Amino acid sequence: MDLDFTPGEDAFRAEARGWLAAHVPATPLPSLETAEGFAAHREWERTLSGSRWSVVSWPEEYGGRGASILRWLVFEEEYYAANAPGRVSQNGISLLAPTLFEHGTDGQRARVLPAMASGETIWAQAWSEPEAGSDLASLRSTATRTDGGWLLTGQKTWSSRAAFADRAFGLFRSDPEADRPHRGLTYLMFALNAPGVTVRPIGRLDGKPAFAELFLDGVFVPNEDVIGAPGQGWRVAMSTAGNERGLTLRSPGRFLAAADRLTTLWRERADPSDTALRDRVADAVIGARAYRLFTFGNASRFAEGGDIGAESSLNKVFWSELDIRLHETALDLLGPDGELCDGDGSGDSGWSEGYVFSLAGPIYAGTNEIQRDIIAERLLGLPKGRR
Amino acid sequence: MDLDFTPGEDAFRAEARGWLAAHVPATPLPSLETAEGFAAHREWERTLSGSRWSVVSWPEEYGGRGASILRWLVFEEEYYAANAPGRVSQNGISLLAPTLFEHGTDGQRARVLPAMASGETIWAQAWSEPEAGSDLASLRSTATRTDGGWLLTGQKTWSSRAAFADRAFGLFRSDPEADRPHRGLTYLMFALNAPGVTVRPIGRLDGKPAFAELFLDGVFVPNEDVIGAPGQGWRVAMSTAGNERGLTLRSPGRFLAAADRLTTLWRERADPSDTALRDRVADAVIGARAYRLFTFGNASRFAEGGDIGAESSLNKVFWSELDIRLHETALDLLGPDGELCDGDGSGDSGWSEGYVFSLAGPIYAGTNEIQRDIIAERLLGLPKGRR
Amino acid sequence: MRFLLDAEQTEFTRTLDRLLTAADTPAAVRAWSAGDHGPGRALWERLAATGVFALAVSEEYEGLGPLPVELAAAFVELGRHAVPGPLAETVAVSVLLQRLGDRGPAKEWLPRIASGRAMVTLALSGPYALDADAADAVFHVVDDDLVLADGHGPVRTSLDPARRLARPTGGESVAHGPAVREAADWAAFATAAQALGVGLALAERTVAYAKQRTQFGTAIGAFQAVKHQLADAVIGLEFGRPLLYGAAVALAAGAPDASRNIAAAKVACGESAYAAARTALQLHGAIGYTAEYDLSLWIGKATALRTAWGTPSECRARVLSA
Amino acid sequence: MRFLLDAEQTEFTRTLDRLLTAADTPAAVRAWSAGDHGPGRALWERLAATGVFALAVSEEYEGLGPLPVELAAAFVELGRHAVPGPLAETVAVSVLLQRLGDRGPAKEWLPRIASGRAMVTLALSGPYALDADAADAVFHVVDDDLVLADGHGPVRTSLDPARRLARPTGGESVAHGPAVREAADWAAFATAAQALGVGLALAERTVAYAKQRTQFGTAIGAFQAVKHQLADAVIGLEFGRPLLYGAAVALAAGAPDASRNIAAAKVACGESAYAAARTALQLHGAIGYTAEYDLSLWIGKATALRTAWGTPSECRARVLSA
C-alpha cells in the first residue's frame, strides 16, 4: 500500500504544472453560461488541445496522450490548482466519449472524437424529458425509421450546455411496442442546428442559461449517428455509467483546489478562535482529502481490472454533499458579501457561482435519493421494492 | 395573543415552587432503575401525593387538583427546575390514566387511580412483543375467555418499569378470527405478581434494568380489569394516543431545566470563544424555548376545544432529537469525564444517565420514522402506501 | 394565556394572502429583479392601504403601532408571497426615527412611510442598503447618527435576484441617539417573520408538487425518502413559528429579553427556511433549479434572509448573552 | 501507486477475523466489563501470537515494526470484534518507550509488550488510564517525563462498559524526552482504526438485521428510510477508511504532515462510527438498546472512541494547523 508516484508520473505532473502556469488566463474567463463566455471557453479548449492537454486519457490518435487514470487524476489536480477555466467540453468528454470508446464504430470515433478534443464541436446532453427526470425508462421522444436514418420528434429538457453547443446526444424511443419500457430505446447523436430543432435556453437559479429545452420536429439523423444497435440504447447508455464514469465525473482535483481556496479565505477573513467556522473549513479539507484517497483506491482497483460498480454511488453522494457544504461555508465566511452574485461586476469572489453550481450536484446524474437506493440494494443487498 | 399567566396561575406556580424548595431531596435519589432507587422514588411519589402534587391535572376525588393543562405545564416547569426526582409513576399517569378517564368505568377509576396517585401501585406498560415493536397490529399474546374473566398467555417485552412495578396494562389478542389484524384486541390490566407471570429484567445500554420481559402463562384477569369493550382494545388504546398525550408525554419543563443546566455547565467549563460549542448550547436553549412556546400554542388550541392530532408527531420528533443533541453537547462539554457512567460513585454529573435515557427517545412511543410518515400522510396529505 | 392569533389577526393575514394572490406577485418580483420597480411599488401601495407599513409606526406619527404580533403575521404573508422591496429596512427606519432624539425627521418621514407614499431603506450593521435604487430615501447609520445619504454606489445583485444591494454614500446627519440596537432587533424580527413565510411557501409548494409529480410510475410523495424530507422541513418551520410569536409578545411587552427572543426566532426561522429551500430544490429536481419556475423566487430569498440582519452565528451568541 | 492492502496484509486481517470470530470475543468483553480479565488476557495472548502488539515495536526491541499499515488493518479488526483492553494505550507506550532518551525501560518493557506477556496502559493527554486494573504497568506522563505509576485511583465505568478508567497515582520517572506528541498521534491513529472497525461492525450487523426483521409485513430493509440511513452510515465509513490508510502511509514515510493526516482520519472514523452507532440503535429499535444484545458492545465503544485520544474539535484544529 503506497501513495508513491513514479518518476514518469512526477515528470508528467511537472510538465502539466509548467504548461498551465504559462497558459491559464490571468483573469478568469467570463461565465461559460453566457455567449461571450462560451466562446472564450471554446477557445480555451483549442489552446488545451493544441498541447494535447484537453483529453489526456484518450489514445493519441484522437488527440490524447494515452494517460492512465492516475495520470488523469494528476492532471486534474494540477488543472484545478492552477485555477484553470471550467471545461465546456465536459459533457462530451465524460458522457459521450466513454460510450463511443465502448460501443461506437471506428468511423464514429474518427468523426466525433478529434473534433470534441479540439473544442471544434461542443456537445450537449439530451437525456431528460419533462415527464422523465431520473426515470429514463419513461422517455417519450421518438426516433422513427426513415430512408437512410431516423426522424426524431419530441421534447428534451435540462439539456446542459445546449444553449450554445453544436451537437447533442440522447436516448429516443424507437420501438413503442417493446415489452418493457427501458427496451426499445436508441442512442443517437444529432446537430443542434439541424432542421426541425428548436433550442430554448433556460436560466438556472441565478438566471444564467446553463441548460435548454430542445423541441424536435422530424429531425433527420443518418444511420451512422446511431451508437450501438437500434433498440439497445438503454444498455449502451448504462454500460458506461457506473464504471469509469464513477471515477471521472468530478475529479478530486476540483475539491482539493476548492478546499485550499476555502482555507485561504478562512485564514484571511475569519477570527481563528471562531471554532464553528474553523470546524466547517476543516471538514471541507478532510472531505476533499478523503475523496482524493478514496479515488486513488478505486483507481488502484480499476488498474488491476477490478470493477467500480455501485461504489460510484458512494462517490456521487459524497462529493455532491461535500461541494454544497464547502460553498455554504465560503458564503458564510464572506459575511454580507456572501449573497452577492458573481458576474455582475468587480469584486466577484467566484464563490457564489460555485455555490449555485454545487446545488445541482445532488439532483443531476441520478438524484442522491436514487444513489442511496442503489447503495442499499446493490452494495448492501437490502431488498428492493417498497420505496 | 399573549403569554400572560393569571394571578391564580402565578399563585399556583409560587405554591409549587415553595413546596418543591422545601421537599425536593437535597441529594439526588439513587437511579430509579435499581431496586433501592425504585423504592426511594415510590416513597417520593407518596410525599408528592401527600400534598396533592402527584397528579395535579386529575379531579380532586382521585387525588388531583383539577388543574388545567396550563397549570400542569407550570407545575412541570417548576418541578424540573427544582431538579426533582424522575417520576416512577409516569407510565401509569401518562398512558393508563387518560385511557381510564375516557374509557374506564367509575369502579375502575375508583380502584386504580387513587392508588396510582399515591405511588401505592406502580404501573408498567406491556405493549411490545418480540415480533411486534412499532407494529402493534401484529401482537400475538392472547386473552382467552374463562369463567368470570380472561386468561393471558404469551410474551411481552420492553416493558418499562416492569422489573420492579406492581401491575401492568396492555393489549392482547382476544379474537384470532377477527377480519383485520388490529381488530380483535382487548385492553387489560393485570398484576405482575399474579400466578403465571414471570418477570425477567432486561438491562438497557448502561446495564440498568429499565425494562423487562414478561412471560405470561394462563394469567387470570377478572372481567372488571378489561378497559372498554372486549375486541375494542386497539381503538381504546389509540383514542388517547394523539390527543392530550401528545401534550403530556414529555413536558417542556424537562427540556427547559436541562437547557438551563447545560448553559450553566457551559459557562463553568467552556472557553467562551469556542463558538462551535456555544452554538450547540444556544441551539439547545432555542429548542427548549421553541418547545415550550409550541406547547403553549397547542394548550391554547386544546383549551378552545381544538384537536391535537398529527401535531403530536411533530412534537415527538422534535423533543426526542432535541434531547439527544442537548445531552451529546453536555458530554462534549465534560471532556474526558463525558464517557463516565453515572451511578458508580462520586462525581456523577447526571448527564450520562440522561444521555442514555435520551437515546431511547426516537425509538419508543412510535419510532420517529413512523412519526415522520404520520406527519407526511396525515398533516401534509401525501399519498400512503409505498414505504 | 392565549398563545394564538385572534380572529381579527387571522382575518388580517387572510386579507393579505388574498391581495397578494390576486395581484400576481411573482410578476412584480420578476419586474423588480429586472430593475423595473413599477409593479412592486404598486403592490406596496396596496399593502400600505391594509396598514402593513403602519404597524411599526406609532399613532403620534399617523401609524397604528407598535403592533409586533400583527407585524409578524403580516411579514409571514409577505414572505409567503415573496414580496420584493426593503421590508425589514422600512421597519428599522421607522423604529430609528421614533427612538432618536429629533422629532423633525420623524414627522417628515413616518407618516409617508406608514401610508406607503415613501419607500425607504438603510444600511446599518452591514455595508449595503437593500433596494437603494428603488427607495425614496436611503439612510445609513454612522456611529449613533442617522444619516440621509445623498446617493449610493453601483447596484449589485444577490442570490435572491429581487434583492439589489448598494452602498449608501455621503449625506448629512438627520438624527442622533443610541437606538441602533433596537432598530436592528426589529429588523431581525421582521426578517425572521419573512423567512418563516418563505419557508412555509417552499414547503407548501413542494408538498403540492410531490402529490402530482410522478416518477417510476408513482407520485413521488409516496416515496418515504420524500415524505421524511418534507416532514423534517415542516418540523423546523412549525417550531420556528412559536419562537417568532413569542418574540412578538416580548416586544409588545417591552420585555428585557426581547432581543434574545428575537435572536432565537431569527436562527430558527432563518435556518428552517433555508432547510426548506434545500428540500424544495432537491424534491423538485431540475425544474426547481430553473429561474423561470416560480419556486426560484423563494429559494434565493431563503438563502439571503438566513444571514440578513443577523447571521445564525451572531444570533446564537445573542441568545446566550447576559 | 497502489493504494490497496496487498495479499499478505489482507490475509493478516482475515486471520485476525477468524481468530476473533472463533474465540467468542463477546463473552470475553462481557467478562472484562465485569472486572474478570482472564478471558480478555487470554485473547490478548492469542492476538500477540499473530504479531499485533509487535507492529509498533521495532526489531531492536523484538518487534516487527513500525508497520503502520498493518497496524491500521489489525486495529480495524480489533474494533470490528470489540476487543477489550488498552489497545491504543499499548501503542502509545510502545512509541514513547522507543522515542525517549533512556534505553533501559525500553529494553525492559518493549519485548514483553510485543510478545503479549505484558499489558500496559497510560494516561497522557487526559486524567484517566484505560484498564489500569488489568494492566501490568500503568504509566503517566508528567511534562516530558514518563512515570511508572505505583497505583491508581478508583475504577470508574464508561458508557462503553468494557472501558474501565482510573487515575494513575504516584511513581517515579523512568524516561524523559519530548516524544509525547508523537505517542499521542500513534494512539489517535490506532483509535481511528479501532473506531472504523467498530463502525463497520455496527453497519454490518444492522444490514443483516434489516434483512431479517419484519414489521408491517415486510423486511424493514425494504423501507426507503431504513435504506437511506444505512447508505449514509456506509458512505461515512467508506470515506473514513482511505483517510486511515492515507495516515498510515504518511506515518510509514515519516511525512511531516502525518499528524494532520491522523487527525483527519480520527475525525472521519470517529464521527462516522458514532453516526453508525446512532443508526444501528435507531434501526434495531428497543433490542439495540439492550445490554444483553451484543450490539450494545459496539454502541458504547463508538461513543467512547469518538472522543478518546483527541476530540473531534481538537482534531479539526490540528487538521488546519500549520
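As written, the chain order gives the labels A, B, C and D, with residue 1 at the start of each chain.
The rule we apply is simple: a contact is a pair of C-beta atoms (placed from the backbone, for glycine too) under 8 Å apart; a residue touches a chain by one contact, two chains touch by 3 or more.
Quantities reported herein were computed from a predicted structural model and do not represent experimental measurements.
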| said: Quick check on the contact graph: shortest path length from chain C to chain D, in steps? | reply: 1
| remark: Per the C-alpha centroid definition, the whole-Å distance linking chain A and chain C comes out as 38
| remark: Chain centres from averaged Cα atoms put chain A and chain B apart, in whole Å, by 52
| query | Centre to centre, by mean C-alpha position, how many angstrom separate chain B and chain C? | reply | 40
| field | For chain B, residues contacting two or more additional chains | value | 274-279, 369, 372, 386-387
| field | Residue numbers of chain D (touch at least two other chains) | value | 218, 222-226, 228, 313
| request: Sort the chain contact graph into one of these: line, ring, star, complete or other. | output: complete
| task | Please give the residue numbers of chain B that touch chain A in the complex, ascending. | result | 273-279, 386-387
| Okay, in this complex, where on chain D does chain A touch? | 1-6, 9, 69, 207, 210-211, 218-219, 221-224, 226-228, 230-232, 234-235, 238-243, 245-246, 248-249, 261, 264, 267-268, 312-313, 316-317, 319-320
| message | For a test of understanding, state which residues of chain B touch chain D in their complex under the given definition. | response | 128, 131-135, 138, 157-158, 202-207, 211, 274, 276-277, 331-332, 335-336, 338-341, 344-345, 352, 355-356, 359-360, 362-364, 367-369, 372, 387
| field | chain C-touching residues of chain D, taken from the complex the two chains share | value | 223-225, 228
| remark: In the complex, chain B touches chain C at residues 1-5, 9, 70, 263, 266, 275, 278-279, 281-283, 285-287, 289-291, 293-294, 296-297, 299-301, 304, 311, 314, 317-318, 369, 371-373, 375-377, 379-387
